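Note that chain A is present in both complexes that follow, paired respectively with chain B and with chain C.
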Partner chain A sequence: MYDSGKIIIGLIIFAGIFTSPFWYDLSGGKEALKAPVLVLPTKADQQVCVNTLEYMRADHMVLLNDWRYEVVRLGDRTYQSPDHKEFNMSLTGTCLNCHANSAQFCDQCHSYIGETPYCWECHTEINKPENMQ
Partner chain B sequence: MEHWSLAKKGTLINVLFSLSAVFILIAGAIVGVDLIKFNFLFGVIIPYTAITIFILGIILQVIKWAKSPVPFHIPTVAGQQKSLPWIKSSKLESPSSTLGVIGRMLLEILFFRSLFRNTKSELKNGPRLVYGSNKYLWLGALVFHWSILVIFLRHFRFFMQPIPSFVLALQNLDGFFQIGLPVLYISDVLITLALLYLIFRRVADLKIRYISLASDYFPLFLILSIAVTGILMRYFDRVDIVKVKELAIGIFSFHPTVPDGIGVLFYIHLFLVCTLITYFPFSKLLHMPGIFLTPTRNLANNSRMVRHINPWNRPVRVHTYEEYEDEFRDKMKASGLPVEKE
Partner chain C sequence: MNKSRRNFLKIAGITAVGVTAGKFIPAEVKDSTAQLISKNSGLLKKGTAVKTDSKVRLAMVVDLRKCKEGCTKCIDECNKIHNIPNFGESKDEIKWIWKEPYENAFVDQENFYLSDALKNKNVPVFCNNCNNPPCVEVCPTQATFQREDGIVMMDWHRCIGCRYCMAACPYGSRSFNWRDPRPFIKNINPDFPTRTKGVVEKCEFCDERLSQGLPPACVEVCPEKALAFGNLNDPESDVRKLLKENFSIRRKPELGTNPEIYYLV
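On to the complex of A and B.
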């Protein structure tokens, strides 16, 4: 092999970059890798979400987008859930009414998968401890 | 004229062949996951195999390259060589030092400098051959490569826990315009447009179509299908991302799990990615490591200052004059011939 010094350094860098997730995740310990733990609403009248569980898990941001559109553009504030309950279309007022502690709910998932919704630049997370004082 | 129409047919087969190969892969993933429920195969075994083939395949190929000698000093340059101090030399286009070579390589790898010089030749009404500058290939290639890099780095949010902050920063930058929810990534739009152009470029021009092989179309269609399934999965038919991350983290921490309830679209995406990286070490995609080992780029243009020795030169047996004289000195003296040493 010619230039073996340079070739070996190059190959180590290559392998290091492409196996970096292995080193990173193995060094973090099991605790760090845990999936999010959600605190769900406990009150008896808050046991059903505004839509089905599968829909909420994957598509809640689309629902929020629709709500925003209907409120801000069309001025319509009532939402009919699939099981014919009526909800006021409001991020803080409705979602966070049931999911009172967004740090133990929304943020759990979001920090796990690295989403940082920009909504909270304007909307308040009333139930966040620092907002409650 | 006849062989042109044959050429058209031939290249059409190349396009169809590559396109159907991609569809067969997609069908394979659908059958494997939706019908036979081989989720563990598609979610764990195939990814591990693909990562291994990718890394070992590239290492072996690079070693193979490194074993072949460079007989001549062959940098191809595009600027004035370093010579007399009062002649201005081009330090990047014709580098004579290691630093210059590094600069030139960076320009090549990050901005495709030599592709920027791409020209086109066209036959205009009759026998008039016209050359012109053509920057579209450079632009399309640059947009494509940067987008795929950004997308690949953004994907580290699935691979690493906790997520490194540069990934989050990149993601925020990519979603800068905050269009819709989930926020539209600019790189998704750009990679799709760039790939469509790169495919179009091969198909649209008869001359390029004539020289395009199935192995040119296949990577384009394969990467396009990866991008399209990813885009579908983010904006149209969303899958459960939290479970996807559990699967990915499982792979990288050697505790593989296959959570149920991840949509089949994800398995198609993953299978196509695994195909891509398995195909990588055996195809033209090897230009990724190859660019670093290209003698026309990575050699300094210093052939007037440093002697390049062909590594396969055998040691040549020579008989110098001194040795000759040593051997025959007595005889030379005896016959009165002049000698250098007494």
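On to the complex of A and C.
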């Protein structure tokens, strides 16, 4: 084999660089991303959500989009939950009543998965100090 | 003319394809084309049409004889509850209600000699929530649309800030947020959203109050009771009674937009 020395050294360097993430991880590396910690409402009258836990976890964005459509475009502001309770379709008025702090609730998962919804560019977060009156 | 057998077959083939192609256009494509054509032909004669098929047709009556010079109560209240920013300059001012000199508000009233009462009158002007709104016609995203009851609504979620509607509106009733409005709002009303940079906004007859059974805020707050609001299709409504008893004018009715704000002079 011609130039075997150069080739083998090159291969060793390549293998080293290629596997470097594993070495970095084995030598301590960075801490794993922390799992989201949600602060849930504690008051007794705040224990019922507008829909089931499973549905809200997976499809809250669908629900919010439906609310937007019904309130803005159809002018219908009352939501019937699966167990026939009525809620006012309002992000600030209904959701934030219980989940008062978006940083401790919404942002936890959104930041974890790198999602940046722009709800709060327009909707008012009542509990943000700069929005307090 | 010499035709080779090869060329003859080519042309015959292309002709056959051309003749039969029409049969294979999907039905929905044909339908949408037909709809487009009928929609556009409707445009031509729309000028005078009034949509009367819905039960409710909301309108406002402004009594200019009662509206007091220098009073801005309606404007202040509207600005307050709708989180309207004050950028501190007129170039990118956001206006839902504002006052306009009579001659500018009613440019079509060409009387050279106006009565003293109207000559230097500042007229409160709003979005006319036209019955035949040109802004809705041009909006490419359907962000602005007309409700059944006639309110021309904005869906700020959908607005892409193209400003076609502002160009189409003959009343200058629409304002654009050139900057993020939040820092320019004194006290944010949490019950109403603010807007974001790059969306158009305007008066919507307080749809959020109507849904709670309340009249528009300007109507409620006017100390002179110069504003009335109601359903034009109901002969017993305040607005119909006022229009029955008084002579009224509208802004630029000749354009065929059917403005729904009536002024008593």
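Simple rule for what comes next: the second predicted complex is superposed on the first by the 97 of 133 C-alpha atoms of A that agree within 3 Å, B and C clash if a C-alpha of one lies under 4 Å from a C-alpha of the other, contacts with A are read in each partner's own complex, and residues count from 1 in each chain.
Everything that follows uses one rule, which is that contacts are C-beta pairs under 8 Å (C-beta built on N, C-alpha and C of every residue); 3 or more make two chains touch, one makes a residue touch a chain.
Keep in mind it's a predicted model, so treat the numbers as computed, not measured.
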| item | value |
| --- | --- |
| Touching partner for A:G75 - first (chain B), second (chain C), both, neither | second |
| Which of chain B and chain C A:D3 touches, first, second, both or neither | first |
| Which of chain B and chain C A:I113 touches, first, second, both or neither | first |
| Touching partner for A:M61 - first (chain B), second (chain C), both, neither | first |
| Which superposed partner A:L11 touches (first chain B, second chain C, both, neither) | first |
| Which of chain B and chain C A:P36 touches, first, second, both or neither | first |
| Superposition-derived comparison: chain B or chain C, residues of chain A touched | B |
| Doubly contacted chain A residues - partners chain C and chain B | 118 |
| Chain A - residues contacting chain B, complex | 1-4, 7, 10-11, 14-15, 18-22, 24-26, 28, 30, 32-33, 35-36, 54, 57-59, 61-62, 64-65, 109, 112-114, 116, 118 |
| Complex contacts: residues of chain B adjacent to chain A | 51, 54-55, 58-59, 62-63, 66-67, 69-70, 156-164, 167-168, 171-172, 178, 180-182, 238-242, 245-246, 249, 252-254, 261, 289, 292, 311 |
| Of all residues in chain C, those that touch chain A in their complex | 83, 145, 147, 153, 155-157, 180, 187-196, 207, 211 |
| Contacting residues of chain A [partner chain C, same complex] | 68, 72-73, 75, 77, 92-93, 118, 121-124, 126, 131, 133 |
